[in-house]
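Can you keep this structure in mind? I'll have questions shortly.
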Amino acid sequence: MSALLEVEALSSGYGPVPVLREVTLDVPAGTIAAVLGANGAGKTTLLRTLSGLLRPTGGRVRYDGADLRGVPVERLVRRGLAHVPEGRGIVAELTVEENLRLGGLWRRDRADARRAQDEVYQLFEPLARRRRHAGHQLSGGERQMLALGRALIARPKLLLLDEPSLGLAPRVAAQIMALLRRLCDNDGLTVLLVEQNVRSALSVADQGVVMSLGRVVMATPAAQLRDDATLRHAYLGF
Amino acid sequence: MTATQPPEVSTVAPRPATPSPLRRWWPGPPGAAGPRGSTLLRHLILAVLAGTAVVLVTNQLAPYQNLQVARVCAFLCVTAGYTVLVGLNGQLSLGHGALMATGAYTVALVQQGFEERAVQGRWILPLSLLLAAAVTAVAGLVIGLAAARLRGPYLAGVTLAVATLVPALTTIFTDLFNGEQGLRFPTETPPAFLGAYFQPERWLAWVALLAALLTMLLMANLVRSRFGRSLRAVRDDEVAARLAGIHVARNQVLAFVVSAACAGLGGGVYAVLTATVAPGKFSLDLSLFLLMAIVIGGLGSLAGAVWGAVLLVALQDLPSLITETFTLPSGLAQRLEGNLALAVFGLILIVVMLVAPGGLQGAARTLTARLRPSRRTARR
Amino acid sequence: MDRFLFLTFDGLSTGAVYAAFALALVLIWRAARLVNFAQGAMAVATAYVGYAVVSATGSYWLGLGAAVLAGLALGALVERVLMRFVGHANPLNDVIVALGLVLLIQAVLGIVFGNEYRPAAAPFDTDALSLGGIAAMSPYDLWVLGAVLAVVVLLGLLFTRTPIGLRMRSSAFAPEVSRLLGVNVGRMLTVGWALAAAVGALAGMLVVPTGLGLHPHAMDLVFVVAFTAAVVGGLDSPAGAVVGGLLVGLILSYVTGYLGPDTTPLAILVLLLAVLLVRPGGLFSSVRARHV
């Protein structure tokens, strides 16, 4: 069986400045791939190009057996691709409840959207307590929960997550990582996870993809990166 | 009329100076009169050449055509100052029609005052035009002080309110401004030494030409000066300009004052051409026409201001041209008369902004750059 | 005292129209971050459509409906064929294109309908009823107040209670995030323009019978007043637009009533400058930075 997401020689950038240079990677269904690398390696740009926010300058993306070229951003969520952007992509002016409703608005199956919303409230209890609060009143952890929960309401097949543990207490970050693992194992979710926090990402990932200066310099089973100190030192510097 | 275009344009087009364009426009070392002085000299020579050319042309023109030339020159005073404010300093004023009115009414009142006291003399016209520029500069100072604290659409809204003020003020102070009727004052006549049969319209064209050349000369040097560069710096990034030591508010107020003085002079000349002023001439539409003129010429470009002033006058004759060429039902012809120019102006504003935001001058510049690929034209 | 009461009622009713107009400006500002300087001209165009239908069918209500529908269509059209393509290199570009639209619309109206004032009938009596000997509001004033109030309530419900309202708000606040959640942000912008133009059309239909009648320039001053009202309330706040509209209506009514109608433009300018220089965010601005 082929991978859910196949990226082949993907290039993109801002204006004439290339940021991604011929990135190739596969993410099999039901696994977590952690994209690691220093600041400016092109991790966020990779996610933005995958979800169509940036137009690729070359290469192709196959998702679920279909080419994604030319598919508008707003249609991707209908195909089960959810992108949680960097910096807690919530709408700060809307309430928690409205943010979550927004996540399920496109769905025909209203009843299931509502069910998914209840599940999110069960999954993230703090959100349930703050339904009527505006996004900007939430703490960093709550915002991340809201962004993640809102993405889950779409019942995605592939989740693109940008720095979910940024600025979070280690305990909260670990909870989120554990949740991702559980969703993969139980529901068959596939995750492409961009993280600065390498240890935390590798603790749950199946695959580690190391990027540097816009290129993929290594893609290997996460366990190998976790256990092989020389390798980790060479590519990740610790 | 059309024959006057090429020489005028050539006067003001910011030609890249031959050896090293950049060094010419940068201030030289202190004490060296070289680069700055040569810019002034070059502009002066161009102005004299253009002036001579236009004067020669006016000798061949019929009265109506000379009046057209005069109107182009009057509008050029306004558009030159206006394009510096909007294009170089980034302040969108919609009140320049009202500023023109200020200049026009000043001229009318001054001239009337002298007439009532039976004072005559050739110095009355220059004095009243000077006063028009000065009074309007003061009005510009008042608006500019408020404008310096406002941005983008807010400034446009406030100056829009100023534009609607003209008819109201003339009615409130009806003793002074005579309400809707407006004011009449003595017509400007050619001086005796030109001969008894000298065409009066030609003289008006010369007066307007002198005002326009003076304005262009001042603006051309201002744009190339230290002040001109700080105008652009403020437009592009206020914070950076402030960090570079530019007093942003003072810079913006000064830009407004200079621009207003030009508008006042232009308005004064415009009034002299007909020897009347009335609020109806200075409606909101006039401000929008002026905006069209500087947009189509290319915002911030003095050469563009010339294009704009020419088109402003030429296009206003378009409806009568059409109604004369085609036989239209009289009702339609009448409705076209007042409205066709407006429609064309509006369409031009929209199309230019969508297709060529650099205006005619921008398009011309790209064209010349393409024709001479060896030398890249420096962007303004 | 009687005169004061009369002016108060009069101010409230004209203020309601300004409020509706200001609301239209605020709607577009929130959706697209631009002040639609063509709002007045667009409203005049739809009012011409409305009164053409009135004179063809004899029914004011059909005309009103036609005007509002024309507003929806015109707003969507302007966004789709013009505003969408304006470059944002210079923040003045939107304003300049809108002003071009003003010239174009007014000229086309003048060519098609002529530049004379056309009488526009009101659906109700415009003479004031007297309450206990004091001239208060006319039935038409009551209708204006009621209509504007209904629009405000309906818009409030639309934005807070319906999916499309939620989509519109999220597109305005966070376009990129909204797209990732499957919201067609471009379409929401079109809907926003359509809605604003429809509200403007209603305001136009309401204000025309109270003035000199229908004319291509009928809304020039009304637009300036509405802009003032929107600025007084804060361009970001629909509730502020309503309060601002009523406030400006009252102030202008007193100024006109006690100092004469010619002073109105001066009063508008003074008011506008005072608010912008003293409280640039509007009277009701909540100082709340966008948290990203």
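By letter and in written order, the chains are A, B and C; residue numbering begins at 1 in each of them.
Throughout what follows, contacts are C-beta pairs under 8 Å (C-beta built on N, C-alpha and C of every residue); 3 or more make two chains touch, one makes a residue touch a chain.
Not measured: the values here are computed from a predicted model.
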item: Chains in simultaneous contact with chain B and chain C; value: none
item: Centrality ranking, top chain (CA atoms only); value: C
item: Centroid comparison with chain C (C-alpha atoms), farthest chain; value: A
item: Chain B and chain C, separation of their C-alpha mean positions in angstrom; value: 34
item: Computed distance of Cα centres, chain C from chain A, in Å; value: 43
item: Gap in Å, rounded to a whole number, between the CA centres of chain B and chain A; value: 57
item: Of all residues in chain C, the ones touching two or more other chains; value: none
item: Residue ranges of chain C in contact with chain B within the complex; value: 34-35, 37, 82, 85-87, 89-97, 99-108, 110-112, 114-115, 220-221, 223-224, 227-228, 231, 260, 262-266, 268-269, 272-273, 276-277, 280
item: Contacting residues of chain B [partner chain C, same complex]; value: 86, 90, 92, 94, 146, 149-150, 152-154, 156-158, 160-162, 164-165, 167-169, 171-172, 284-285, 288, 291-292, 295, 299, 331-332, 335-336, 338-343, 345-350, 353-354, 357
item: Chain C residues touching chain A - in the complex, by the definition given at the top; value: 163, 166-167, 169-170, 173-174, 176-185, 288, 290-292
item: Of chain A, residues touching chain C in the complex; value: 51, 53, 73-78, 82-83, 85, 87, 89-94, 98, 101-103, 105-106, 135-136, 150, 154
